[in-house]
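The next part holds the structures, each set out as structure tokens.
In the two complexes that follow, chain A is the common piece, with chain B as its partner first and chain C second.
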Partner chain A sequence: MSYLTVFKMRLRMELQYRGAMIGGIFCQMFFGIVLVALYRALYAGKTQSVPIENIATYVWLQQAFFRMMFATDTELTDKIKSGDISYDLCRPVNMYAFYYARIAAQKLMGSVMRAVPMLTMAFLLPKGWGISLPVSPLGFALCVPAFVLGFLCVCALENISVAFTMKSLDPRGIAALLNLLMMIMSGNLLPLTLFPESWQKVITLFPYAQLLDAPIRLYTGEYVPADALRIYAVQAFWVVTLIWLGVVMWNANRKRMIVQGG
Partner chain B sequence: MNTLRLYIKSIGMLLRSHLQYTSSFIMQTLAQLVMEGGEMMVVILIVDRFENLKGWSGGNLYFFFGMMSVSFYLTELFGRGITGDFPSMVRTGKLDTFLVRPRGVLTQVMCSGTDPRRITCIAVGIAALIMGSRLSGITWTLTKVFILIESIAMSCLLILGLFMIEAIFSIFSVKSVELVNAITYGGRSACQYPIDIYPAPMRALFTVIAPFALTLHVPVSWILDKPLYGWPMWTAFVTPLSGALIFVIMTILFHLAMRHYRSTGS
Partner chain C sequence: MSYIEVNSLKKDFVVKKKREKGKLLREKETVNALKGVSFSVEKGELVGYIGPNGAGKSTTVKILSGILTPDGGEVKVGGIVPWKERKKHVKNIGVVFGQRSQLWWDVPIIDSYNLLKDIYRIPQKDYEERLKELTEALQLEPIMRTPLRLTSLGQRMRAELCGSLLHRPELLFLDEPTIGLDAVSKLSLREFLKWENREHGTTIMLTTHDMEDIEALCSRVMVLGHGKKLFDGKLSDLLERYDTVRNVHVKFSSEYPNLKLPEGVEWQKGEDGIVLSYKPSKLPTAKLLSILQDAGNISELMLQPENTDHMIAAMYKELDL
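This part shows the complex of A and B:
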């Protein structure tokens, strides 16, 4: 399988940058501590229906998998800008699947390598500051498939924004707007569990909530195991829709592509 | 004065060059608006849900948020050379060309970058300030206006000084150092809320090492008639000066570090 080979090669590349990773981990840890301190101070004034331990867990899982959400493949956007992408077009592979494999490898390795040490450190923090254990073994078991579906979803989203970049040649336009939308709607800036109840009903149906919010809620027990099938269905719906949309965009791009430069 | 004129002229030229790509510029400026608007929305949602934060009302929180975003993005607007581009200047060897010209390196670095897209972020910050001022019922006097301006100016110098730490590191290590982001961007995230809500170690960090508490929180709390830790009025005038102090220290260190600068050779 050639797509599997692309995936494996990217995994190895991601492993090269260890120095930058350690700095990134400490920076992300600091952001996590700041956020938890803020929510703890807010909770001191007015107790909420969502316990503080769940909010801390939410913050840590979001911070740990930050790279999965926001890492953009700058090499790929450079390729588009310089016109080198035409070499990739000559390969006897499906472009969409080729880039999907590439993005998936980058996101998986980048985030797992950071998440493991970060979550270990977060477990060592005192209760109410760090991450707590999953609500039940069943909850943890249910959160894993949700996480996988969310991962497929975020790769499909990234591929769509690459397709947009192909069109506009400037990764900072629409692609940047999509990224910002993701920051707010995925619960990275403020846990979705703290949004007004009426908003939550709508936001949790959006694709952005499927990435991390859905698995985290299964982990902390905000979603009971009985809900699991319904959540998987929503996630699977978005995975299929987004991949379909991406394939359509890539096919359209191929037909009317202008390669820059010589 | 001559340096200042040079700076204004360079920034003017850079502005015009940014405006050449109109549609890209508008798109990116809008993206900035969405970003800062999103940050503001988070504060609004927090106020909506929690009503107050250890005695600070919603209006107070908007005011703090506005102060931080105006100071931070003014610095990015006028000091882009330091806050963004410096590590890449070292890496690509662009810095070498500065060394042969008859001007200070720091002046030239400052002249080499501006980020006009930040203007929308500043607009959001000003909107937050106005909203915060209305909701907190501040009665403005000449002294308060003076302290407000002093606080913004000194916070800008502080932020510039903190970004210079990263610049100094990159002179030695060539690569940009992500760790410093913890006190620059991390400082912005943490200190857009009042400092006294945080546990002691964090308060110490933002009072002694990156004194946002002194340049921003002390004067702002006084403006809001809720002096921080009950400190007397004169502290609101004096403590912001620590921003200038940090800037001066970092400038000296920067020049010392430049003596050890070895070009990448590219």
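This part shows the complex of A and C:
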């Protein structure tokens, strides 16, 4: 299968950038420690609705999978800008699926390569500073499918921004907007569990909350196992909607596309 | 019915201009890149497609390869309308865009080929056979395991060509394949294209600005200008139709003689001697030579070979391109 091969190719390519990986790990470790220290200072012994262990876990999981969240495949958008996309259009493949596989590989490899060493280190930190064990084996088991659905969701989101780039020819505008939304609405900047109760009801329905917030809450026990099916349903809804939207955008692009020069 | 059938093909682009002072909206201008081009190509032909920059050559190639949807006209390649059945169509074609790259920049070339094998679903045995054949013909063995970014331009072009031919396409589009290549690379690339065309009967459509490419490869040439087809036929016929200027370098052994040159002949001082330019149609070469001989004391005389580039330039000028 060509989609699987492009997936594997992108995985291998990601391995070429080991320096970037090590740099990324240090950067994310630093962010994690600073953020946890910040929340500890804010808590300062007062009891809060969310225990500090859960916040620390939330922060570490967010930092570990940082690479998964943000658009980073510049090679893809460069192709669109330069017109090298012509070659991809001359292939007997479905363009949406072809790019989806590419994005998925880059996100998976990029984040897993960083997450494994980071989470190992975070487990070694003292309780309340590092990451805690999942609330229960069942909680962990339920968090895995939520993570997969969230992953499918984030790839679909990025493919939409790529499709948008075909229209605007410059990925920076849309990427800046989406990254800002991503930072706030996904819980990367401030854990969604700390938002006011009434806000959380709305914000957890958005696609961004499906990526990491939903699986993390299942992990820490903020969502009880009885919630799991409801969570999966919301996630699945977004996966289907975002993929559908992406496919529609790609098809529309094909009709009106111009490849300029040479 | 021919293999490629193109009938009054049209394509427009909208170009947005910078807003003028005092106007509310930007002005839009429609550029008619193709204004009704028709031609047909038989299987196994090697056709050159020339024209000045912006004539619509690449647009034609992009439509024929299913990337762009035209605004009018009919196209059939092997009975398929390229942009309507894109996936089915592109299985049978190979494309090389001289200024772009299809291989992956950071991974060894062979890995890019393996990806192409999966994309085109080439059976393993067939793939190995074809890869071996192309590796030999294009001398790719030494760079097979090198990442593309570490190869030279000439090596890269050969690697690109191999990538486009792995799935044994019936039709190959080459968009300026020799751009930026040195003489040796150009010659070997041409040899290879001739071989591919002869050995496998691959139909090749070549766009280029390099007239030597056309001279060496194409028996048939099409000229495009301002979105219209201006000529379709043999290269020699094309050149005959357009009168061009030729140059003679003359060196004198002693004093520079007082030459009485007939009308239409221009001269200028060269490095050592003079250069005369004349049009063979107005003044036969033999006549000019006899005039020079009468003037005496010529030590050296060199007739410059016909230069296709000059002829094409003259032709473009005459056609007001």
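Just so it is clear, the second predicted complex is superposed on the first by the 259 of 262 C-alpha atoms of A that agree within 3 Å, B and C clash if a C-alpha of one lies under 4 Å from a C-alpha of the other, contacts with A are read in each partner's own complex, and residues count from 1 in each chain.
Quick note on the criterion: a contact is a pair of C-beta atoms (placed from the backbone, for glycine too) under 8 Å apart; a residue touches a chain by one contact, two chains touch by 3 or more.
No experiment lies behind these values; they were computed from the predicted model shown.
Student: Just chain B (first), just chain C (second), both, or neither: which does A:137 touch?
Tutor: neither
Student: Between chain B (first) and chain C (second), which does A:126 come into contact with in this model arrangement: first, second, both, or neither?
Tutor: So A:126 meets neither chain B nor chain C here.
Student: Is A:174 contacted by the first partner chain B, the second partner chain C, both or neither?
Tutor: first
Student: Identify the partner contact of A:89: answer first if only chain B is touched, second if only chain C is, both if each is, neither if none is.
Tutor: Touch status of A:89: second partner only.
Student: Would you sort A:189 into first (chain B), second (chain C), both or neither based on which partner it touches?
Tutor: In the superposition, A:189 contacts chain B only.
Student: In the superposed view, which residues of chain A touch chain B and also chain C?
Tutor: Shared contact residues on chain A: none.
Student: Looking at the complex, which residues from chain A come into contact with chain B?
Tutor: 19-20, 23-24, 26-27, 30-31, 33-35, 37-38, 41-42, 44-46, 48, 170, 172-174, 176-177, 180-181, 183-184, 189-190, 194-196
Student: What residues of chain B sit close enough to touch chain A in their complex?
Tutor: 24, 27-28, 30-31, 34-35, 38-39, 41-42, 45-46, 48-54, 175, 177-179, 181-182, 186, 189-190, 193, 197-199, 202
Student: Quick one: in the complex, what on chain A touches chain C?
Tutor: These residues of chain A touch chain C: 1-2, 4-6, 9, 12-13, 16, 75, 82-84, 86-87, 89-94, 254-255, 257-259, 261-262.
Student: Can you name the residues of chain C that touch chain A in the complex?
Tutor: 13, 58, 62, 65-69, 86-88, 90-91, 93, 95, 97-102, 104-107, 111, 114-115, 118-121, 175-176
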